[in-house]
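Have a look at these structures, which come just after this line.
Here come two complexes built around chain A, the first alongside chain B, the second alongside chain C.
For the complex of A and B:
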């Protein structure tokens, strides 16, 4: 299997805070890679650098054999890297369906001033996409009328609509009700596998990580503290103490690790 | 009946009412021609408002279109050629200036447009040798498509052209706003960064609307020059830009009829106020603006469309 994305020595500091302090990471074609780690560890910063929102102060990012370090978000998206956001970034005055259609338009070419956005082909695709995410009943609602969980899903659906090869998701399940979480991730994983999308996702729920990640990267103070298959990483006492213990104090394992 | 149908019906009724008014009272023809021209310019401003951007300098393009007519008229004394010429000149100017201002948002966008319009204003004033300064330039009598018309026929022709242009631009704006490019304007207002992360240049989306708005303002200026037959630097003074924004708010930015409703209401009130309570005109303007902002955010069109929708659901 080849690496689709390669990060080498990524470095970025905000004032004295080292949000990225020498990040080396290979994302393999077709894998689901989970990123875990405490708040402020630099997980979002990694996604921001990869998608061109932030320019690293040092290091390189290579995607599919081409260096993309410091390129603009627009160019990086066109190469096949899409992202969803920790805080959903929807067009709040548009309906859910129009949000999806705008993403489809962005992919297919937005520069048509005479045909409507909701042309039959795009409307159909948008509805099909929303259906896969269980959002079809909300298609006609304005995006700002959604609750947090569905906003999150709509946000991810828009990224998926771009038909990326690599999708970076920042906390896709935060805000999704605990009772629905597994079903949502199940659906999402199926959509991504069907479309052969390589996925990197930041996740705080270790059950989700365990079940859906092929590999886990543990972020800590701008560094990758551990990397490997979930079974090994999640069992690591240091990871349990530093990451899981904080994130999941209610589980017996977490409490035991603390004690 | 669907709202688009009703909108079309209202537009046709409005056009018929204007023709009748112009037939009944000759000076109305002039007032309504000016109102339609300003409505066209405001339609362009409305495109930018969809993106949340307010230009306080679009009188620049109105004046540019008007001066293009005045400058070219001696060599090209035909309205059918001058109108496209003014559209071309303002499209070019709008593209050049747009490449620059489309980088900016909100107050910076508004003020940059204002600054550029004031630069243009002072150029018109200062280069007396070419522009005759504040005296302005008289536009010679023009033919239309090779025909020399008598005064009344000429006035009707310009009025009819304004009406036809208003209709075509209104129709185009409707289609444009429903298209991906138009919908992306509203996306700029609510979540511009997302557009970038979808691979869309929000700057180009705004630029396209800006060039269109400049061209529409240019056509408005050409019509104003053709009907008033006199252009002065005041056309590009900042109060003229403010007037366009005022009309946009008065008429409402929610539909393409808004700019025209606003412009006709504005011009009529202005004419009557000037005749009856000349010294209170500014006060009336201020009070109306206050009322619209406090009680009718959607402007006149907002009030009308709410009525219509209620009737449909009732």
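For the complex of A and C:
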């Protein structure tokens, strides 16, 4: 398996806070890589640097053999890296179907001034895409009428509509009700595997990480503190103490046993 | 009341027609101002100067066409040509050189920059066209008059102002609403307006949307100016008075409203012309009385919605 994305020596500090302090990280083609870590550790900063929203102060990011460090977001999207945000960024005045069609339009070229948004080919593709996410019954609803779990899925559906090879997701399950969470993750994993999309996701829910990730990177104080398969990383006492202990209450015999 | 109407019916009718004609012009300018603000989030104080330059350019091109012996209908084309020329030249120039640098900055800075531009354009206009009144009324005489029935009276009024101007305003209103809601580019403009960051994440070029929108807004202002040329002589200061009226319309309607701006332009246009006829001393303040009265009751404007925008 080859590395699709390579970060080397990435550095970025906000004031005195080091969000990235010499990050080396490879994202392998086809894998689902989870990034976990305490709040404010710099996880989202990594997504922002990779997608061009923040320019690193040092280091390089290489995607598919080409250096993309500091390029503009739009150019990076065109190369095949899509992202979703922690707060779903749907266009609230549009329906779910129109949102999806807009993403397809953004991919296909938007500069035909008088063409309709829902041209038949795009409409068909939008509906097929929504079908894969189980969102077809909601296609005609306005985006602002959806519940959080559905909004997350619709948001990620729009990113998938861009046909990315690499998708970066910032907390895909935050705000989703506990009862819907696993269903959302299952849908997501299935669609991304079918579309052969490599995924990086920032996540706080360790059950989701365990179920969804092939590898886990622990981001702590701007550095990668640990990297490996979920079974090993999540069982690591240091990780349990520094990361999981903060994220979920200690269970008897868990963190307390190591304290 | 009945007696009053009988005595003043024709005057009232005339005031209404005046009001409709001026509302059409105010609408063209205000809707452009509103569109630009809605998409770029920059309140362009120099928008009125584009109106003024459009007006002067229309006079120059029209007078040139007349001196070249072109037929009368060419004078109408001259108005259109002037608007497009001013919009297509000044629009991109202003957006690329000035506005692009202040997107997302403090509103105070944006206002200062566009105010500076307003002062530059006002002086540039005096340098090019001088301070003597300029007039070009061929289109009005070309189109003749039409008899408008009003109650028991028949009011002869010039066709240009009572038919052409409102028709252009209605076409603009309907065309713009359909463009924004039905076409792909319109939807993309709305998407960038709703959430620039998300639109960029999809690979939409927000800068291009801004350029397009500003150029279009500039063209609308210049078209308003060009269409006003045949009905009034042009003097320095028309830009300033136009922008102030447009602000009143936009504030009364609510920011970002298109149909609302049309209705408010009618209210203010008619309110002002009725004042000119029956209480001339109030003419200057009527638009602001309407604006203040509306804002006291609805601070977000008649048709505005209170925004819950994500930061």
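By our rule, the second predicted complex is superposed on the first by the 248 of 259 C-alpha atoms of A that agree within 3 Å, B and C clash if a C-alpha of one lies under 4 Å from a C-alpha of the other, contacts with A are read in each partner's own complex, and residues count from 1 in each chain.
In this text, a contact is a pair of C-beta atoms (placed from the backbone, for glycine too) under 8 Å apart; a residue touches a chain by one contact, two chains touch by 3 or more.
Not measured: the values here are computed from a predicted model.
Asks: When the two structures are laid over each other on chain A, do chain B and chain C clash or fit?
Replies: clash
Asks: Name the contact category of A:178: first (chain B only), second (chain C only), both, or neither.
Replies: Neither chain B nor chain C is touched by A:178.
Asks: Go through the superposed model and pick first if A:1 touches only chain B, second if only chain C, both, or neither.
Replies: neither
Asks: Would you tell me the residues on chain A in contact with chain B in one complex that are also in contact with chain C in the other?
Replies: Shared contact residues on chain A (touching chain B in one complex, chain C in the other): 51, 53, 73-74, 77-78, 82-83, 89-94, 98, 102-103, 105-107, 110-117, 158, 162.
Asks: Looking at the complex, which residues from chain C come into contact with chain A?
Replies: My answer: residues 179, 182-185, 187-188, 190-191, 194-195, 197-205, 208, 310.
Asks: Would you mind writing out the residues of chain A in touch with chain C in their complex?
Replies: Chain A residues touching chain C: 51, 53, 73-74, 77-78, 82-83, 85, 87, 89-94, 98, 102-103, 105-107, 110-117, 119, 158-159, 162.
Asks: In their shared complex, at which residues does chain A touch chain B?
Replies: Residues 51, 53, 72-74, 77-78, 82-83, 89-94, 98, 101-103, 105-107, 110-118, 158, 162.
Asks: For the complex, give me every residue of chain B touching chain A.
Replies: That would be residues 175-176, 178-184, 186-187, 189-191, 193-201, 205, 208 of chain B.
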